[in-house]
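Structure record follows, encoded as structure tokens.
Residue numbering begins at 1 within each chain, and the chains themselves are lettered A, B, C and D in the order written.
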């Protein structure tokens, strides 16, 4: 019987300090394999027994057969503890939870525009790497990613060495940071404005994740440019305890983010009450 | 009295002296009273009520209205008035934002007593001249009022208003009462008996936090039992220890500040006599450190934030509590 | 567990300035007191929050004793005066709930009173041993 | 239909308890009845309702989910569960019985909550028809007939006898057990009681509230209603209504460090609490108004939307009785329905 509330053991094999407050954790099961199979955009409940349990998006792509990655920003009790962990430490994971980005249907054959801010790159990175893996299925991929500063750009190494690699076919990365700083010759400014400046053609499918304020303004900007809400996908996060739509706290109206989400198409989301 | 209160509230609203009135309002049943905010004469005419069921203590309901520029009128029963004084002492409410009217209370009826007597299907309850007429689907019954008066009112500590801008009715007196009798009865038991008694009572606790949230002395922004850093932020008692702990700590946190308004016992859905815990502290404070009534006057120093060099030694407890 | 085997677990909160030094002195003077007394050093007797006492019982203590400077000698001038009131009321309440008053105690032990510390502890352990295990304020989950 | 004399009630209980654990409502203290494990000599309460609902049997206030043992960097996971024993709950009222259906739709929906399912499978529910409804009852509003309760076995208690009728497989097994004491009977007495009760039901003050105004698809209409502010004005933010409610199913999952391991347990939680949705970076329901709205929207709109129009309330009236400030679903329904009419 599938015991959804009982987790499995995960072993942290590698911890990388990605930005000053974000760490990347590689996790495998005790048998050295991935704890479970997931789809891009799905989440898992990660826990340190005695400290707490919380929902994190799985940032590695399903196409990565070796391990599972979590990109975790230090902001609360559990995450602070997680940041203190070293490789070899066991944690518990359960999942996968939630729906996923429609990478195998709605996205197929489309040009993708991926917009992320801060640690919001974590859930969409899974999509990016999945699409890069099955490159032929998708059209052009544009990535707009912004953070407070250069140091705060998550996965910077990967972005530069892989995504921005000249060999990469039709992947364009547009980085931006909030304020001018030394040794940064890229764009400076907030993501919503940058998206407008880049003036993308409106036939793209948009995948968006970031702080609520960024989502709000980017959405308005995209609509101004002529994008339809049906083209825009985003992923949500609210407090969760069970992950299976029973504990009753992550609902927006009649939808549970853990079960019916976390991925919502903008037009579905706008039908729900404004309580997130 | 109710008509007088309505008239005065409307007058004050009309003059602009106050812009909001906090009072009581009747619901579905005669005994169903909700604290309510009134902002117009029509609302007052329509809903305002003051009768023998107006138990809720209004002092804490002023919290959200103290940052307004205009004044809020609050009706206070003597009990509420003590709580209000205590809140002002602790700087939890802004006295300037409130217009306080003291109203007399002639003892509130505890509908649970009527229900415990087996009355059900209650359609109406009328309290007139010391008699309480209960009309139900299954027959009527008349009680003498004292039979169905709530315990806290039978043992009324005071009918005096320690604070008010205006008084309706009479200037009451501090009352002789027997509120410590029950405590003394428990104290006379053996530890085994006491333990059994409290286990029986506290085991019914469902940790709904009604006692805490209704308590006018419980005003922490974040309660220790809600604070994830306290290590005791349990939502439900998983073990009998936690039931005990919650109530001991809660009683301790309000010790010396509890005015004995009795809201905790009134709101408890499981009928746990929580006031007996608070009264134990009140009784001990009186015995050990001299008579003290929280909320008696503004600016009093609470016993637990105070001391004298000659205080009794803690072994007084082991000696049986006799000073 | 039969009575003669029973060894109570005692938690002693000792203030850093007097009682902890008193305990030290008892040690250096080789005065005996049972090893069942677990000392927790606190900055001042008034640092002890009622929750500490309850937590000790929860985790399996059979008795809790609080030791501080003699009234008037507090390193922080008045700390132990507050502690005195608090503990008096708390222990009275615990007794009221049926947790025998002999399981809780407050003693004033100065840095010079090593002998007193040992005597007090011996006496307290004896009293608690006679009372037996704390069953009324234990957390069964911690007993497994 | 089987008949057992009321004078034989003790014998009956003993007979049931011989085979399975039996729970009956009994008087705990003045005015409070609660379900307790039957022991010799225990008398059944004649109160209409227990103070807490019967959901405890399937969804207890606290239950262990899993334990962990930590050694160094290693974590071992221990499933603490043992096989649930069969048990019988006697004297469940129609409203509480319906609440099990409502909980089933949450806990037995995929992915199934095995903790709940396990209990549900081992419990036999013996319902008892109401003959003396209280003024706070409004189960008829939600289409419940308190004179003909569902459950594995339905029972009717008259002045001198108790009548049983099995409805399910489990019910048949139960009836087989009690056959030793029972005699076959026609349903004259039961029908008479039903008729008498129905007359009283018609006179109840808050029965038959309007439900047409509610249901799925009404989110937009009510979510922004200005009425919430006034309705929630006096709400204390305690959890009384949610904890006595037979259909409230929200829970929290917490860890307790026992000193030699970690017990992970779940416990009831309340959407009325300020920390219910609080996250490290903020809280989507900041004031009591939003929390209050969530509770009633869930019962009247969200739940029916996800469950074919079935409301998340059974009209047991516990919240009406227990709320410290007398705010309840009845008042919410009346206020919102009035607003709906005005539209």
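Keep in mind that, in the parts below, a residue touches a chain if its C-beta (ideal position, glycine included) is under 8 Å from a C-beta of that chain, and two chains touch if they have at least 3 such contacts.
Bear in mind the structure is a predicted one, so any value in this text is a computation, not a measurement.
Of the two chain pairs examined here, B-C and C-D, it is B-C that is joined by more C-beta pairs in contact.
When every chain is represented by the mean of its C-alpha atoms, the one lying closest to the mean of all protein C-alpha atoms is D. A straight line joining the Cα centres of chain A and chain C is 53 Å long.
Note: centroid distance chain B to chain C, computed from Cα atoms, is 36 Å. Chain C and chain D have Cα centroids separated by 46 Å. In chain D, the positions touching at least two other chains are 252, 256, 263, 269.
Looking at chain C, one finds that residues 139, 141 touch two or more other chains. Chain contacts: chain B has residues 228, 238 touching two or more partner chains. The part of chain C that touches chain D in the complex is made up of residues 59-60, 139, 141-142, 144.
Note for the complex: chain D touches chain B at residues 28-32, 34, 48, 51-52, 61-62, 132-136, 200, 203-206, 230, 233-234, 236-240, 242-244, 252, 254, 256, 263, 265, 267-270, 273-275, 320, 322, 324-327, 330-331.
Listing the residues of chain D that touch chain A in their complex gives 65-66, 68, 70, 73-77, 79, 106-107, 109, 111-115, 216, 219-220, 223-224, 249-253, 255, 257, 262, 264, 266, 269, 271, 276-281, 284-285, 290, 294, 297-298, 301-303, 305-306. The touching residues of chain A, counted against chain D in their complex, run 1-9, 49-53, 75-77, 79, 86, 88-92, 238-239, 241-242, 244-251, 253-254, 271-273, 275-276. Residues 50-51, 54, 57-58, 71-72, 78, 81-82, 84-102, 104-106, 136-141 of chain C touch chain B in their complex.
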